[in-house]
């Protein structure tokens, strides 16, 4: 796969340099991106992080009403312990910091270790893990599920909660509620390639799709011939709505997200069907999102996320927020 | 006799060279069950570790500490983070000493295995780097002759790879590929064997 | 190439349905997208249009301070005469309408014919054609150049001018100035495929790139092996800055645009270099844009546009504006 | 004798059938020099035209007018828009008449050629649909026997394709491929020939 890059080893650092050059609201310090103003005094901090290769995730969501700082690793590798520590420090104004990131082994080791090392300095941290990918484990193994695109809802909701002066526990509870009420499923059409790797993350036939495949190419639920968009949308929605959500509600937000190469045209074709189907089930869509929100570089495919709202979540979702890739 | 700051630095340089040579092979192994980056991660990590092992330290604990610090800043991959915690553990074990006696080597590795399991959540039998480390730590327990240690370590490493090849991976990214992973070496175990293989036994004295 | 769609014949209409379902600020009437509020009384109208397959172009730029309406054709085909007429009518509040679209034969025939037919009804229209693609003809044949991503600068500038109550002639002049001071060049890495077509728009080797290729696969300046991103960025910039611009200035805006499959990571690697090089030449970058602004579905590659600013353009560029894909 | 509303409707239905049959061939021809959509555009357009030619009109100008209107709403491709202006031109020429005498057919086509050139900016020799239309319009000028008109039209169409095949395209998207277009039929000219070919000569009476 062709990449516009200089070298695999410089891929992430050059990407980060470009990101902050284009977005003066962001500052780079090694493998940490934070807001230019720094931790807002009196506000609980929120950090996230993960591997590179998922832009706008994770660094692109640093901004007012969203993340305060973000630790970023090599492509598809966790952020280093140092980066996690630095991100937490950057986000801390003394009110404590929520670590809000996807449920992946490497990321957890690093954020956990960072938190333990900082405890000695009196930094208070809590953790909420994104676990929205319903294809990665059954409902009985909810805690084993991976975090994918739906985590941006948790960013938004925790960010809005922190913005109004809520305590660390309250912000943590809001993030946990957002995760608990969000479900995502993806479908993959073509792989991507890690810079420096000798081949793509997986192979798939020229007429095949894989339902439920993960954003790093983790195997999904089935692989079969491509079928009409409406049938794919229906199956994704059926699976999402069949997954049990405590207190599921009649008002939802929907995110139809490109994994990279899938163009907006196709996302809108899917969204059209999803909106029809949700309306048919008596569900009202609030603040839908259609676009590139969490990608795997040049991978083709998409994910659909549903966030089941309650009054609190809906008002937090609608609160003003601003980062380079999302503004409310 | 034991592991000194000098021997350790030399071993790290050799490991960096081994990681460079094994980069493609490890990427390919990880490509079959994971995301294909074990090799590139390890090569980059050991480049940085090799640069971080400063030549004027006599305190072996201090050398392990700088290796741990370099690793903590250089990598966040699963395997890389396990290297970080290993180095930090060995630093704690050897702080202020000029050598780690060979007779204590096995028990030090057992501590490393334990922190790896605590940090990563793996259990024995999951087919990860932890299994080969456990086998080595157990096999060399109490041995004091570095040549014998190396020979035993190499033997059980090969045997462990053989023994696990036809089992499914139960942890990490490879877990998702449990069935597919049967018949394949775990990339972390394979990485361990390549690094060990590259250590010149005559240096281990 | 795999596409998430139902049928080639329904591709555009279903895409448009999804677009307006996701964005309540837009209304669809057949093959026209307009603002929900309709033509703003006392304001000059601005319409654009072109073939589908370039989202966010063209329909995504309908909004306050940008376009009032947009006529949209089949994939890579001009909008029909009827759509052009309907878009112009939708944009007209009696102050006249600027037709602002890319210089392609089919589009021109249709917008011209539409204008002539509406003249009878007393609708005043003017035309400004996007001609920013420097690879499509030499400076001596400026009027033959195709319009590509740089047209969004003309949208923004004409839109801001209209918003402050300028006359049709003034809005037209502002758009013409923006076009005259904007230059774009693209590089293609892989093709796209028109829904229903039997094969991709062009063929290119697995290690090749083509400098200057057009957004529909029109041949470029050279085709050769892929090279490091910095060399590509340098050549694109050299070509852009070597192209004569009357009154070129020391303040520029830059758009680094993905043609579709090329991910944000790579765009930022390019932008990093471009920003360095521009600074090295004593040029100041104002409001850079890096992302998916004008695509060709799943085509891989990117374009770089430079807009040479003066005081008027800079203030119009910075004026508030809002559409689904760009907010200032 | 001449072209009546009935004959015209029948011809449009036949053209729709021809366009359907030629879809892939025309896409492929356009794929070599353009964006590969001539066939799908033409098939969709003639589906709509065929539906738009309402069966109860006697005024041939009114039929042409509804065809023009349908075309104006159905397509915006270069070739499609030339079809739109052709229909609107013929509507103007035949308004209020129940037939277009065969003897006037050639001069009507010359008018169509002229508006196409005015609208699209092509000049003769650019290797576009205009060239074949010009050749046909000239060749049948003054002829009044529909069978003879058809035979001459078919002959010059084939000859014009042959004559232009080895020239470069000078207009439209194919212009960009000027050199590559040598040896290839222009998709618009080819489309014209396929539509003409599909008209049953016995209907042209």
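Read from first to last, the chains carry the letters A, B, C and D; within each, the first residue is number 1.
Throughout what follows, contacts are C-beta pairs under 8 Å (C-beta built on N, C-alpha and C of every residue); 3 or more make two chains touch, one makes a residue touch a chain.
The model shown is predicted, which means the values in this text are computed figures rather than measured ones.
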item: Centre distance in Å when subunit A and subunit D are each reduced to the mean of their C-alpha atoms; value: 54
item: Rounded Å distance between subunit A and subunit C, as computed from the means of their C-alpha atoms; value: 30
item: Mean-CA-position distance for subunit D and subunit B (Å); value: 75
item: Contact graph of the chains (line, ring, star, complete, other); value: line
item: Those chain pairs that satisfy the touch definition; value: A-B, A-C, C-D
item: Contacting residues of subunit A [partner subunit C, same complex]; value: 2-7, 11, 14-19, 21-22, 52-53, 55-56, 60, 187, 189-190, 206-207, 209, 226, 228-230, 232, 256, 260-273, 275, 288-290, 292, 295, 297-298, 300, 302, 327
item: Of subunit C, residues touching subunit D in the complex; value: 8-9, 30, 51, 71, 73-84, 105-107, 109-110, 112-113, 136, 194, 196-199, 201, 214, 216-219
item: Subunit D residues touching subunit C - in the complex, by the definition given at the top; value: 24, 27-28, 31, 35-37, 40-41, 44, 69, 72-78, 80-82, 84-85, 119-121, 171-173, 176-177, 180
